[in-house]
Amino acid sequence: MEDVVIQWQEKVSLKEPILVEGLPGVGNVGKLAADYLKDAVKARPLATIYSKYFPPQVYVNEDGTIRLVSNDLYYARGSRGRERDLLILVGDYQGLSPEGQYELTDRVLKVAQELGVKEVYTLAGFAQGHMVDTPRVLGAASSLSRVEAMKPLGVVFSRTDPGGGLLGASGLFLGLGRLYGMESVCLMGETSGYFVDPRGAEAVLKVLSQVLQRDIDLSALEGKAREIDRIAAKFREMEGKSAPEIPQAREDLGYIG
Amino acid sequence: MEDVVIQWQEKVSLKEPILVEGLPGVGNVGKLAADYLKDAVKARPLATIYSKYFPPQVYVNEDGTIRLVSNDLYYARGSRGRERDLLILVGDYQGLSPEGQYELTDRVLKVAQELGVKEVYTLAGFAQGHMVDTPRVLGAASSLSRVEAMKPLGVVFSRTDPGGGLLGASGLFLGLGRLYGMESVCLMGETSGYFVDPRGAEAVLKVLSQVLQRDIDLSALEGKAREIDRIAAKFREMEGKSAPEIPQAREDLGYIG
Amino acid sequence: MEDVVIQWQEKVSLKEPILVEGLPGVGNVGKLAADYLKDAVKARPLATIYSKYFPPQVYVNEDGTIRLVSNDLYYARGSRGRERDLLILVGDYQGLSPEGQYELTDRVLKVAQELGVKEVYTLAGFAQGHMVDTPRVLGAASSLSRVEAMKPLGVVFSRTDPGGGLLGASGLFLGLGRLYGMESVCLMGETSGYFVDPRGAEAVLKVLSQVLQRDIDLSALEGKAREIDRIAAKFREMEGKSAPEIPQAREDLGYIG
Amino acid sequence: MEDVVIQWQEKVSLKEPILVEGLPGVGNVGKLAADYLKDAVKARPLATIYSKYFPPQVYVNEDGTIRLVSNDLYYARGSRGRERDLLILVGDYQGLSPEGQYELTDRVLKVAQELGVKEVYTLAGFAQGHMVDTPRVLGAASSLSRVEAMKPLGVVFSRTDPGGGLLGASGLFLGLGRLYGMESVCLMGETSGYFVDPRGAEAVLKVLSQVLQRDIDLSALEGKAREIDRIAAKFREMEGKSAPEIPQAREDLGYIG
C-alpha cells in the first residue's frame, strides 16, 4: 500500500491558488476555522487523502454508512474581481507519528505545488492555559516581508510566544513549504486550551478574510462561540476556586498544535 | 523480508466469493464467529499470511511442534444451489501498529480482489460496558443499499453507536474496501467487553447465516455460551455490589475491535 | 543505510553446517550457552551484523577502544569424524521492535541458507518465577520427527509450557526457518528468571553436546554456576520471608526470551 | 519525501577536513562546545539537514520568521600553516528513534566521506550524578593509536566509565565511522547532569584546541560558566540537605549522550 493515497474527485486548473490548512489541534481552533471557511466559501471537494499514518479507523455516519478517516482538499474559485482561488485542507487527524507528519505534509505540498500554490496560510490555536476574553491572533511567517504584511492586520508577533516553537502540521507546512519555495504564515488564535474554542477560530478568520480579501459571514460561528462562552464562564468561576477538574479537562482537549 | 508474506496452500478459482473477516478484538466476538463459521462450513486452508507487523512469536502445539503467528485464509465452495463461495479470514492477531493494520488489510483486499471478491462482511464485538442479556447486532456498511439490505435481518443501525467509529481491521476492511470498489458490512455483536463472548458471536452468526443463505448449526456455540452465562451471572452479582475486579477483568480482555 | 549491514571477516565453504543461536533473553540462558559454546569449540569470527534495529550504542572496551553493538556469526569446523560444521550466532541485543526482530532473523536465515544450513538450534531460558534446583530443558520443534529425536536426550515437551508461546529470536528462528525449509529445535533451560543463570545454560549445553555429538568441557561454566548458587541460596532464604526485592530484581533481568 | 533531505548552501572542496560533532545530550556539553567552536573559528554554513526523524517542529525567531528544526554542517578553512580544514555538525536534535539515529549518522558520514573526512571528533557530556568541581575529559576511540594520542592531552580512559557504553550520536559516529574507514575519538566532559554545563564544554574544547592545533578563545564561555557556577553553588548547598528538587531537575535536563 502506498504511504499516502490520494483519490481525486475532480481535475481542476486553479489561478494563483492560496492554500489554507486547518487540522485538529489546540482547542481545535485551526480545524474549526478551516471547516467554517470551507462551508462559507462553498468550496468543492477536490481530493481525499488516506494514509497509514492515520489511525486505522472509520467513522459511522448517522445513516449507517462509513467513512475512512482522511484529510480532504477542497477548492473555491475566486470571483472575477480581486479574489484568488482557494485550496483548503481539512481533516480528521494529523499524522500519528513524526514520520507521518513529515510524509503527509510533504505530500500535500507536492500536490499544492502542482496546482500552482505559492502561498500558504495555516490556522492553529495557541494555548494560554488560562481563560482568554478577547483572543489575539499570534503569527509566525516564512519571511520578514510576510511578517510585515501581517502586522497591519492586527497579527501579533511576540518575542516570547510561542517559546518552544510550533509542533505539528501548522508549523511543518511553513518549514517544509520553504523547500518548495512557498511563502507562508501561521495564524494562531489565542485560546485557553481547555475546550474546543470558536472564539479563537473567529479571531483567526477575521484576519484571514482580510488576507484573502473575501467577506466571510461569521454569524454562525458567533452562535457556537456564545455557547462556549457560557461554559467558559463556569470555568472562570471554578478557576477562582482553583478547581481540580480543570487540568483533567485540559488533558482531554489538548492536541498537537 | 517482505512486509507481508503469503504462503499458498492451494490455487483455486472461486465463483463470486464473499469475504468474511473475524480477527481478535472486543470480547473476541469476531474471532469466535469466524473460527466457528470456518469449521461449520468445512472450509479448506487456502493461504497463510505472515508479517513483521505481527508479534515475533510462535505458538507451541500440544505435540511440541511450533506455529508462527499468522492470519489465515480459508475457502468453502457453495452448494450447487443458491450459496456463493466463501473466503474466510481468521488469525492470531491484528497488525500491532496503525501502519501494520493498513498494510495487512490492504494486502488481503488485493488478494481478495484477485480472487473475485466484491462483497465483504466483517465480524466484531461492540462493548457495552455492562452485562448484555440478549445481544443485538449493530451494523455499519459501505453504502445505503447495504444498510437497507441488513435492516430486515434484524441488524440495528444506531445514530449514536458506535459513536467514536470503528477501530481496527473490522472497520478498515470497510474503509479500504471501498478503494477496491467492494461493498461491505460490519456486523457487531453486543457484548459486555469483560470476557470472551460466544453469545455475541452467536448473534452475529445468526445474521450472517441469513446473509450467506447457509444453514449454520450453532449448537456447539450454545455450549460455550452457557458456560459463559454462568460466569456472567456471577459478574452480575458482583456488579450489584460495584465490585472492583470488573475494570481489571475488562483490561485483560479488551482488544481493538 | 541498509537495514541490516553484514561485514564479512572471511569467506568460507561449510559442510552441512548446523546453526546455533543464543542471544540475550530470559536469565540470559541462551546468550551464556552460545557464548560458551563458541569459545569451547574455538569458533572463528565469520561475519558481524550491524543494524538500525539495534540501539544506537557503542561499548567501550577496557583499553578505551569502542565497538558498535552487533550480532556476530562464528563458525567451527567439525573434526574429520562424525561432527558437522557449526555456525553460531551470538550478540549484544535482539532487535528492538517487532519489525526489527523479523528483519534480523530473516536476514540471518538468508545468510545461513546460502551457507548450506538446513538445521537450526536456538537456545533460550524458560522463566519459572521461582528458584529451580535442577533445571530441566524444555523443547519446541519445527516437526514431530524433531520432537521425537529430542525426547531420548531428556528434552521435555510439555503440554502446558510455554503456554503463551515463544517470544523473540529463539521462537522466530523456528517459525521463519520453516519458510526456508529448515528443521529446527528450541532448547529452553529452566531458570528462575531472577538473575543471569549459568545452571540453565549448562543444562542446555548438555543436551546440545549430544545433539552435535561434540564433547564440550563444561567445567568453566560450573564455576560461574556455583557463584550464582550462593546468590540463589540467599534468594531462597528471602523467598521464605516473601521478600519484596524479588520482583524488582526480576524486572532488571527479564528480557525477551 | 526522502528520509533525510540535505540543502547545500555552498559547494566546497576541503583539504583533509576533520569532522567535529556536537549535538544536544547530557548537560548539552557537546552542543555547547560545538556551537562555540563554530563561532570561534568563524565557520561558514555549508549544508542544512532536514529529516522526518526529527520532531515535526519549527522554531520562531525573534523577528517572527520560522526555521524548521535541523542539523547543520559548517566548515572552516585552516590557516596556511599547520591547521587543517574543519567540518562541524551542530543541530537542534538527535534522531528521535533508534532507526533515525542510525540513518542520520550514516547519511552525515556519507557526506563527510565525499568531502574527504578521515577523522572524526565527537563532543559529549558524561553525567556523574553529583557536582563536579574540575571536570575531567573522558575518552573513547576507534583505535588504540587514537587512545594513545589522546592520553598526553589529558584525556582519561577509564576502565569503568562509561560502563554501559555510549548512547546516541556521539557513540554512533565512532561505531559507524569505522565502516567508512574513519578514525575517531569521543571527548566527554564530566558534568553533574543536572543542568546545561559550560564548564564541561570548556574542558572538552581545551582538549580539542590542542588536537586541532588551533587557538580557541574561551573567555566568552567563561562568563557562562561562572553564571552556572553560582547555580551550582546553590545546588551544592541543597545537596548537603539532600534536597528533593535535584532528581527532578535532572529529569528535565537529561538527554541522550
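Going by the order they are written in, the chains are A, B, C and D; count residues from 1 in each one.
Here, a contact is a pair of C-beta atoms (placed from the backbone, for glycine too) under 8 Å apart; a residue touches a chain by one contact, two chains touch by 3 or more.
Bear in mind that the values here come from a model prediction, so they are computed numbers and not experimental data.
Engineer: Suppose chain centres are the mean of their C-alpha atoms. Which chain sits farthest from chain D?
Structural biologist: Between chain D and the rest, the longest centre separation is with B.
Engineer: Are the two sides of the chain C and chain D contact the same residues or different ones, given that same means over half of the numbers occur on both copies?
Structural biologist: Chain C and chain D contact each other through largely non-matching residue numbers.
Engineer: Just curious, how far off is chain C from chain A if you go by their C-alpha centres, in Å?
Structural biologist: About 53 Å, centre to centre.
Engineer: On a C-alpha centroid basis, what's the spacing between chain A and chain D, in Å?
Structural biologist: 37
Engineer: Mind pulling the chain A residues that touch 2 or more other chains?
Structural biologist: none
Engineer: May I ask you to sort the chain touch graph into line, ring, star, complete or other?
Structural biologist: ring
Engineer: Which of the chains touch, listed as pairs?
Structural biologist: Here the touching chain pairs work out to A-B, A-D, B-C, C-D.
Engineer: Mind listing the chain D positions that touch chain A in their complex?
Structural biologist: Contacts found on chain D: 1, 5, 7, 50-60, 62-69, 96.
Engineer: Where on chain A is chain D touching in the complex?
Structural biologist: Spelled out, the residues of chain A in touch with chain D are 95, 98-99, 101-103, 105-107, 139-144, 147, 157, 159, 162, 165-169, 171-172, 174-176, 178-179, 186.
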